[in-house]
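Two complexes are shown next, each including chain A; its partner changes from chain B in the first to chain C in the second.
Right, the complex of A and B next:
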């Protein structure tokens, strides 16, 4: 019980620090949101008019007052209105979140499955042809910037072969329901997911491979073989299961960042996710959007960590025993 | 049983993959098949709900907003104000009472056959309401324009009188042809116009769908009062990335783009079989700003040397691959109506002459190859360039080379665009001073198109709101003020020509170049484009029958 209270306090502290950083960082950037509040030709306004605008949006108040208001608004669930888009921040995030979850979620799933399988096989057949080829491939792909992978995918599969669309999450003003809509979403999803998976696959592959190599050298694997278990059983029951622990940590970490989107891939494919929203908000000093989006991201990362804390003892009996 | 489960699970995986493959590859054929009368035009960013208070950029946002909202006058493709919602605008013969002969009164007559998109009638009350609303609800571009009108009287249902405190040479283009009219019956109840999501205008197209960060859909307004809309539907997808935009155009997923083609791509798009490129002038300027209030830069001889040392012709050749116009020493683009032909071309590059002039002005070459003034001040400067703009960044590097060749040291420093703006223009308020030495900067097209030399050069910060150099000259102050009051175009041309001569002589900044506009489109989808001088093909005239 005591431990639980401690944990809650610990997460509360983390959340508060993160929220404060979310407030301070955007305001520490040079530049001003004024051109986005009243239009580009802000230079034509008289200085008194500019002061009026600052007052209207509360930008004239001291940082301390703004900070207290910000904390109060977060608690009340009022995230304000985007300086640039004019729409409520919560609505802007809600519109983009499903697309980001679809894109980043599918890619996380695919890269984990492929990464784990490839990493396990490579380690199992260490030094073999597959190991050499996949290791070299993973290191090369890991070094490629993701925007470049995306551009290449567009140039080859969308423009050259015409198999996939070049941009967007759906055909603008295309089918709006039924199988045709699902097909449209899937066609638009293919290249961004493939690019994002390619960009994140090698990380999981490398972790899995090294973790597997480590496990394969352990005594219990030798004992399992000595017991006369089949190779398949040794691989699945003894090696892979234990090697998955570091991968699951990585998975939980990535899970938290799911809602942050994939700014680069979203921008390249004009995918309407949270990543592009954040990027544009940084450029336009859109404080309410930055605060709202980073709040969602913070909460989600903290939750994912809490989840990892809760699930880890179930996965690893050693942790369970150590905790009590 | 176990085996059966395994077979079941593996076969379900196969089925899932097959369905996914069918959905992705077979389900629907690519989007090339489109209805006739539909145009797909990509823009580079979200433009909010495209009302006068919520559009984001001057270009393309204002132009798209202008498909929905009308102005009293409208600039034609050659930048002359023409009747639009107003049928006539006349200056009333002076009935000026003694002591107020400066007052100018305009009589504006309106069309009587205009309806808002929701069916309500448009009349003089809407016009008077719009001016009032812009004055009380700040939107920089429209508030400062509306404030030029001192008083409005509704004379009849379709007739108004506007009173100005003083003659205003750019009143028609900067106010009457710029302010979008607002529907009184909608905005009367609205305190926060930035929350408005529905665009109700009188224009040729209605905005029928907004999908944030994805696309806009416009449809022809069958009840439009003027020339017939040439398209039934305009789909406007948002594609932020430049490369993706033009790949989508090549793949036939869009038919045109608001973005200008990068110079290096123009030839390839001109050669492509299904694409055409419209070329024309662009009035956006790239400048080298100088803080002339600093002692080292307060000497016009030094500024003249900097201007003469920069090979602007090479900048156009190298950076724009020749697709641009060399900056005029007098600032105004040679294709604008008030450009002075005498100050349109920089003198040929002569580095020895530059050095000779510096030496004549009392500068001596230091041991490090950099000139030093009689007071010991070294001609070494920090040159700021925006990191997000490769053209300007490379321009800064070439400028530094050019300056080094005549014994002036410029140290290029790249910084984020907003950070640079904050240094050159703190708080967007010239009266707060400036914190830079040299900077590569730019102005958008309206500064040139409206010959806004008053804003660029006047020494009083309340008038010279764009005077980032801190330049002040009594003669220029008097001439620019006189020019804004000169309603006779010939008189105005004469005054502005004199200002340009002084700019070429005093060099408050160096006008480097104006890029050329090149816009690619698919002629089989739509071929009715009109190139608006200095701006490009995205304007309301492109979407109306001629």
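Right, the complex of A and C next:
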């Protein structure tokens, strides 16, 4: 009970901090907060329009009242308005979110499968050729900037070989439905997913290998071998199953990393997700969008963490028993 | 680092060092450095190269990278080893001068972050009680927030400059060292000799100075080195997104211009996109390899348990 309450408190705190950062940043800047709330074209607006906006944001009222209003607006789904895009921030994000979810979800799935399998094999054949090669590879890939992997992928596989499109999520004026549409989406998704997977694979691989080495040294694995179980059975039933536990927590925590990676990868491929939205907002100093994107990414990371806490007891009976 | 720690590191390394052959390894052995593994040697070599570029790069650069010296989009030639960029600046010179910017930000941010993290960790680990709870809550909040989006938002508001980038990275990076240092401080404080020091009436500041800090500093050192690699990588991402200082071009900034001018869509990527990325990778890898080796040497239990350092 205490653990659950602590978790809820923790996630509440994270969201509250993210919102407070968003609230305070424009108001802590020197000068008027208006350019930060509205965008830099504020200077071109007529004075009466400015007064309207000032009233809209309640800038004439006390900071405390503004703060409560702000929190209320966020809860009601009013995340401000992007004057540059000419639409509410929440709507701009809603349009982009599915693409980011597709990109991050596919990469999470692929990097988990490959990372777990490679990590398990490496630990099982510890010190062998595969172990040495994959370990060295993982450490090197870990040091590569993910956006750079994406740039090289475009240069080689999209431009040089022409196998994949160089940007976007769909072909403009391309197929709009059916199998042809799905194939088009998949072709556009391939390189961004491959780049993001490459960037996040090594983390999962390293933890799986580490965890598997740990498990293989445990008494119960020795007992399983001693009672004559086949090597395959020892591995699958006893070792891998238990080694997966720490990996499962990492997966959800990895989401924060993936979300950040997606931001730069989407930028490289001009993929129309939240990351590209964030990038365009940076370039045009569209602060309301910037803050909305940051908040929605924080929410998704917190949700993933909460999901991890909910799923973990199902995987690990020891935790389940301890919790009741 | 204190003599006792070096001694411990030496003992751990002794069997490994004896089995390693090769000139550089034997030098490292003689110097009693934890560099006797091939991975650590590679890391140290990469670091030496980067440090060399950061120290002497601006002097060695054949051109001023902020000045147009030739036609734009030139292919590599005798005069311009890596060709020129979209405004006719020498890319090789950009690369050499960029080393200092990238490394300065990385070192500054990591140093500030680990100093802050160590202070928080030691305070939380020795004070315990409510202060510990509060500090660790804050640490966990920072760890949970999505790293890159947070850094992007902060940097966008504060404006692009070297100082901003270093500050913003510090604000986000300190949390991990704080966690690690706290657990080390906790485990040291639990030792009988520290409890004895308390029981004998040693003032908290005295116990802190003579027992806790010496045990914590090696951990902080390895955290620092790991933090540098993280900071260099994060700086590259920020600069790549256009949040770098336009007057102090780092490796990430070079890639930002390469990206906005579509260098990978033309044939110029092998000399415009490839080299800055390799430079970032070499630096990050160098710090990561040395950091991991130090971690293994200074915390033998972690290494033996995990079998991390290349066994």
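Operating definition for what follows: the second predicted complex is superposed on the first by the 249 of 324 C-alpha atoms of A that agree within 3 Å, B and C clash if a C-alpha of one lies under 4 Å from a C-alpha of the other, contacts with A are read in each partner's own complex, and residues count from 1 in each chain.
As a convention for this text, a residue touches a chain if its C-beta (ideal position, glycine included) is under 8 Å from a C-beta of that chain, and two chains touch if they have at least 3 such contacts.
Keep in mind that this is a model prediction, so the values were computed, not measured.
Peer 1: With the two complexes superposed on chain A, say which partner A:297 touches: chain B (first), chain C (second), both, or neither.
Peer 2: second
Peer 1: Given the touch rule stated above, what does A:175 touch, chain B (first), chain C (second), both, or neither?
Peer 2: Touch partner of A:175: chain B, not chain C.
Peer 1: Based on the superposed arrangement, let me know which partner A:151 touches: chain B (first), chain C (second), both, or neither?
Peer 2: both
Peer 1: Just checking: does A:162 make contact with chain B only, chain C only, both, or neither of them? Give me first, second, both or neither.
Peer 2: first
Peer 1: Return first, second, both or neither, reflecting whether A:47 touches chain B, chain C, both chains, or no partner chain.
Peer 2: In the superposition, A:47 touches chain B alone.
Peer 1: Tell me the contact category for A:85 with respect to chain B and chain C: first, second, both or neither.
Peer 2: first
Peer 1: Once the structures are superposed on A, label A:5 by its partner contacts, choosing first (chain B), second (chain C), both or neither.
Peer 2: In the superposition, A:5 contacts neither chain B nor chain C.
Peer 1: May I ask you to decide whether A:314 touches chain B, chain C, both, or neither, giving the answer as first, second, both or neither?
Peer 2: After superposing on A, A:314 lies clear of both chain B and chain C.
Peer 1: Applying the document's definition of touch, where does A:29 land relative to chain B and chain C: first, second, both, or neither?
Peer 2: both
Peer 1: Residues on chain A in contact with chain B in one complex and with chain C in the other?
Peer 2: Touching chain B in the first complex and chain C in the second, residues 29, 36, 151, 154-155, 159, 166, 267-268, 283, 285 of chain A appear in both lists.
Peer 1: Along chain A, where are the residues that touch chain B in the complex?
Peer 2: Going through chain A, the ones touching chain B are 29-32, 34-36, 38-47, 49-50, 52-53, 56, 81, 84-87, 92, 95-96, 151, 154-155, 158-159, 162-175, 179-180, 182-184, 186-187, 190, 267-270, 272, 276-277, 280, 283, 285.
Peer 1: With touch defined as at the start, can you tell me which chain A residues reach chain C in the complex?
Peer 2: Its residues touching chain C are 10-11, 13-14, 17-18, 21-22, 25-26, 29, 36, 126-127, 135, 139-140, 142-148, 151-152, 154-155, 159, 166, 210, 213-214, 256-257, 259-261, 263-264, 267-268, 278-279, 281-283, 285, 287, 290-291, 293-294, 297-298, 301-302, 305.
Peer 1: In their complex, what parts of chain C are in touch with chain A?
Peer 2: 39, 137, 140-141, 144-150, 152-154, 156-157, 229, 233, 236-237, 240-243, 252, 255, 258-259, 264-265, 269, 273-274, 276-277, 280-282, 284-285, 288-289, 305-308, 310-311
Peer 1: Touching residues of chain B toward chain A in the complex: what are they?
Peer 2: These residues of chain B touch chain A: 20, 23-25, 27-28, 30-31, 40, 45-46, 48-49, 53-54, 56-58, 138-144, 194-197, 209, 211-215, 217, 233, 235-241, 243-245, 247-248, 250-251, 253, 416, 418-419, 421-422, 425, 427-431, 444, 446, 455, 462, 465-466.
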